[in-house]
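Following are the structures in question.
Paired with subunit B in one complex and with subunit C in the other, subunit A is shared by the two complexes that follow.
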Partner chain A sequence: MPTANTVLSNCYTPLPAQEKGKQVKEKKQYINPTSRSSGVEKNHRNAKSIRHVCIDRHVLSNSTGSSLVELGHTKILCSVHGPRPFNSAQTNDASVTSGVLSCQVRFAQKFGQHSEIENMTHAKNLDGYSSSFSNISSQKREVELSSRLHDAIAPSLPLELLMKNVVEVFVMILQDDGSILPASVVAASLALADAGVEVYDLVSAFSVAVIPRSLCVETKDDEDNAGVTTFDNGQYSLLADPTSTEILSAEGVVTMGMMKNWKEVVFWYQTGSIPPNIVSEAGELCKEGCTAMHNFMRQSLTSFPDISN
Partner chain B sequence: MPGQTLFIDGSKVAPGDKLCASKLYNPGKGCYVRGASVYACAVGTVKFTESKDGKGEASVTLEEGRQYASSLVLNVGDKVLAKVNRIQVNMANIEIVAAEGIGTLREHHSGIIRKEDIRVAATEEVNIYDSFRPGDIVWAKVISLGDSRKYILSTAENDLGVIRAVCASSGEIMAPISWKEMQCPKTGVKEPRKCAKPKE
Partner chain C sequence: MEDSLEIFRAIDPEDYLKKFTNANTRPDSRAHHATRQTNVQTSILTQNSYGSSLVTIGNTKVITAITLQVGTPSPLTPSHGEIDVTVNFSPLCGGQYNTAGRVVHDDYEHRSVAANAYADPQSLQSFVKRTIISSNMIDLKQLCIFEGKAAWKIEVSCIVVNHDGNVVDAFLLGAVSALMDLTLPQVKMNKVDGQEIVELVASDEDVLKPKNSMVGGKKLDFQKLVVPLTIGFFGGKMLVDPTLEEESLCEGMITVVVDGNSLSKDDGVLTGDILNLSKSGMNKCSLEEIAACSQLAFGRAKELEAILKP
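Entry: the complex of A and B
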């Protein structure tokens, strides 16, 4: 078991209101890996722990299946429709011998992103690329996330059972505080299972940020963290389940998707330049995170009321 | 076979849960085989049924009010209930609303009945206008999955064809009087149709 000290609890906590006309800070922030904000003010987490997780399913009555996933302030709503016949726009990739999975990720208008964070992530691109795409629009991020989500979910679906039909996955990002890709994958996998769509296995996903040592500040006096050893790799330290501020300070981000029962990695997405030995350690931490997420997913799925007969 | 399964009968399972060895149980609905084990592929309660010849079957029953996505998919040979939308010189465009074994479909699928698939014999002489009219409800059978848009259906069987049609002049529901005609009970007007053999 990972050192995750997470409990399933509802965690609706609003972000502090933004002052209008405030100057956008481009400066990288210092991160304290032994005492990170967890989404709920009084609880602090260490480098390896996850934020407060809240998972619920069947939250929308009009869709075949739906789910709500929260990782701290990151909130994702997912709905699944289908199987349904192709509409005219989808007939291009339509095939008679197998079904089609269609994924769409959308940011909730005005609510999806923190305005300050938004400007900064746009300058740095998705999950910590430091690149020349400085003005990547929200729409381009949506297209990119949709395609990543499709890549992560598709291996778990036996589409040959759904000939001439399409299963549509709609993901709405209600609030973005980092790790939206893994949260979306978890939400989509849950919603598909909730919809009664046959899936080989649940896909759980997890992100790890690699922070340069120069941006880390340590607090040794904290009693809670006395026994905690952070991932210390000389130049870098690893942070599980990063928030958007942590992603902005990160050198790179590794996102991994796993089908836990099959013990197979179905998805790997990495940004930034990270040395190979750090990547493999980040992969190990991702694996632990995926296992923890899988437990939460399974717990949420199997807690339905007994059928009376 | 107690002790041979990883879950007890009736316990709740999630997709990907390993249920039992595939040499002892066959995979039923909601299960699949990978390697030497049977796994669940849906959320529900697991059920192990034993049979006399030694090899039982494992299956997953979904929660109340859920349906398997794959059970809503039409296959070749399925008998469906459809509504005629439009007729053309060589085919009728129809909308599939329900299927035998599935029930009402959540969303309507479109399909066509070609001229040569309407009746069993005399395919050359069949006239679409003498067989279907827009608004008719027909029993038909899926004979091909067709292209990406449409299913191809057939009514070339005795019990397939129009089961409900409205008289053009009076608006009354007509009754079949022969295999190719229907009559209005009010006005006595006869209209040509490809009638389905009425069920006793």
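Entry: the complex of A and C
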């Protein structure tokens, strides 16, 4: 522990700034499934609903295609460059004749991730938070997110048509408040479509968190409670589009990506141990979420973009 | 016809620009002394940062957010806090940058010396930080939490979201507007296990509340209103607020930073304090030209006063 003597010229020895009662507070917080944050003040949502969604495309003039996706406080910018010819750094393999999709995900430096969350130690999944708080862990998370994003997007691209060209997808997470993986997939897919890259279909993705019943508190007087009882299976509650607090309390998270018009699942990622019947229920909820996201994406594509940007 | 113009532009960008400047106009039909449409939007990121802004100058967009740290001040300045600035480029701002923010595919290979200095992230970062600190726009004593024991370190991070020239102005305006948006949370000192710890006083448990509307937070006082203006020199002409295309061809650049609070009319001529003036590049320019530049900067300060001040 640094003491007050260890000071540099006018630099700081970081002191721990802590929220009140942090030491005793359990990391797993109680979640109220009937009154969750929606990203808009005074507007609470229930277990099945999505946060306030904002989807826009063609927001950056220097990129071939770009998109902005907001799910409540989760804010993501995506840009697509290309298709353009390989350069030697990307591949030296002359035998590659098809196209290459390169996906990179980065957190905005310093403010992309929640600073306190970097200290969280118990997390276990991608949309949760990795186990140590060094800078390396955030890099590892970026690398993993990048490869997951690639997995989710690649099935929607006919890469053989791009012959020796590379499409570069870059995702910048401006603000992380849970569900960043599905939001990145949505942003990347939309930006690819905005760039005019040929795709089979838009990939929409959605996350569902599985919360143990023991961590749920319920408001009895809430009339919208009906939505919760549907998922009442004794042990677990399902929460659509979880925020970062909800993910930290979750037993597991299921993320699914779909090409809705083809009625095909292109991506499935599950963390935590969840009983099979709950998994299939979560899958159903994901499917509904994907359909909703797909509609938002289609709306944004068919509406005429603001050319002045 | 359209195509042949584009080809001309690609093959001989310098001649292309000259054709415009000789006719006293510019490729985007601006007058030489005109800046692009400038907009400032604050509080765009409220979750992890305590103040944020989006600055738009034409097609150039910069997002700035402020994060806070608590530290022990140095014994020499026990009641002073600290400000740090970082700037980041990414592939978002254009295809020429890679994920580490370095220029890889350069469409503007024939960049002049001046333009190079204005494209290097590290020198930009140093310039922005130095300008903000040396301008004394904020009394660093405001960042004191407990004299000699704890003070705030303000970390200003700027990311370029779209690069279309003149990012210096966008960085400075972004940093200034984010600092104006900044609310320092209420804190108290506490002793835990014999160690003194700074605690945030949580206003209530409502997670919905954006951080910068925190109850009891403190806004900073500003002694100065920092307003920058960058002017490029091309073929003996001054191009105010150059775009990326113009910037890469300019022989010289000058950035004038003025104090918008000090403006006064003297014999019908706007004057005020100059906080920073830096000229770079290979061209020579006369004192009259520099005076003209600062005159333009005062005009810019007058124009931006309404946008920056809440």
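The rule is short, and it goes like this: the second predicted complex is superposed on the first by the 251 of 309 C-alpha atoms of A that agree within 3 Å, B and C clash if a C-alpha of one lies under 4 Å from a C-alpha of the other, contacts with A are read in each partner's own complex, and residues count from 1 in each chain.
In the analysis below, contacts are C-beta pairs under 8 Å (C-beta built on N, C-alpha and C of every residue); 3 or more make two chains touch, one makes a residue touch a chain.
What you see is a predicted model, and the numbers here were worked out from it, not measured in a lab.
Trainee: Using the touch definition from the top, say if A:Met163 reaches subunit B (first), subunit C (second), both or neither.
Mentor: first
Trainee: In the overlay, answer first, second, both or neither for which of subunit B and subunit C A:Val197 touches.
Mentor: It touches subunit B, and subunit C stays clear.
Trainee: Figure out whether A:Pro83 sits in contact with subunit B (first) or subunit C (second), or with both, or with neither.
Mentor: first
Trainee: Let me test your reading of the model: by the given contact rule, A:His73 touches which partner, first (subunit B), second (subunit C), both or neither?
Mentor: Once the two structures are laid over each other on A, A:His73 reaches subunit C alone.
Trainee: With both complexes superposed on chain A, which partner does A:Thr245 reach: first (subunit B), second (subunit C), both or neither?
Mentor: second
Trainee: Is subunit A touched at more residues by subunit B or by subunit C?
Mentor: C
Trainee: Please identify the positions on subunit A that touch both subunit B and subunit C, taking each partner from its own complex.
Mentor: Subunit A residues touching both partners: 64, 82, 84.
Trainee: Hey, which residues of subunit C end up touching subunit A in the complex?
Mentor: Interface residues on the subunit C side: 45-49, 52, 59, 61, 63, 65-77, 80, 82, 86, 88, 90-95, 99, 104-105, 149-151, 153, 155, 157, 159, 161-164, 187, 192, 195, 197-202, 207-209.
Trainee: Tell me, which parts of subunit A touch subunit C in their complex?
Mentor: 1-2, 4, 7-20, 23, 37, 41-42, 60-64, 66, 73, 75, 77, 79, 81-82, 84, 87, 89, 104, 106, 108-115, 168, 170, 172, 174-177, 243, 245, 309
Trainee: For a test of understanding, state which residues of subunit B touch subunit A in their complex under the given definition.
Mentor: 12-18, 30, 32, 34, 39, 41-43, 45, 61-64, 66-70, 72-75, 106-110, 145-149, 151
Trainee: Which residues of subunit A touch subunit B in their complex?
Mentor: Residue list for subunit A touching subunit B: 64, 82-86, 91, 94-96, 99, 156, 158, 161-165, 167, 193-202, 259-262, 297-298, 301-304, 307.
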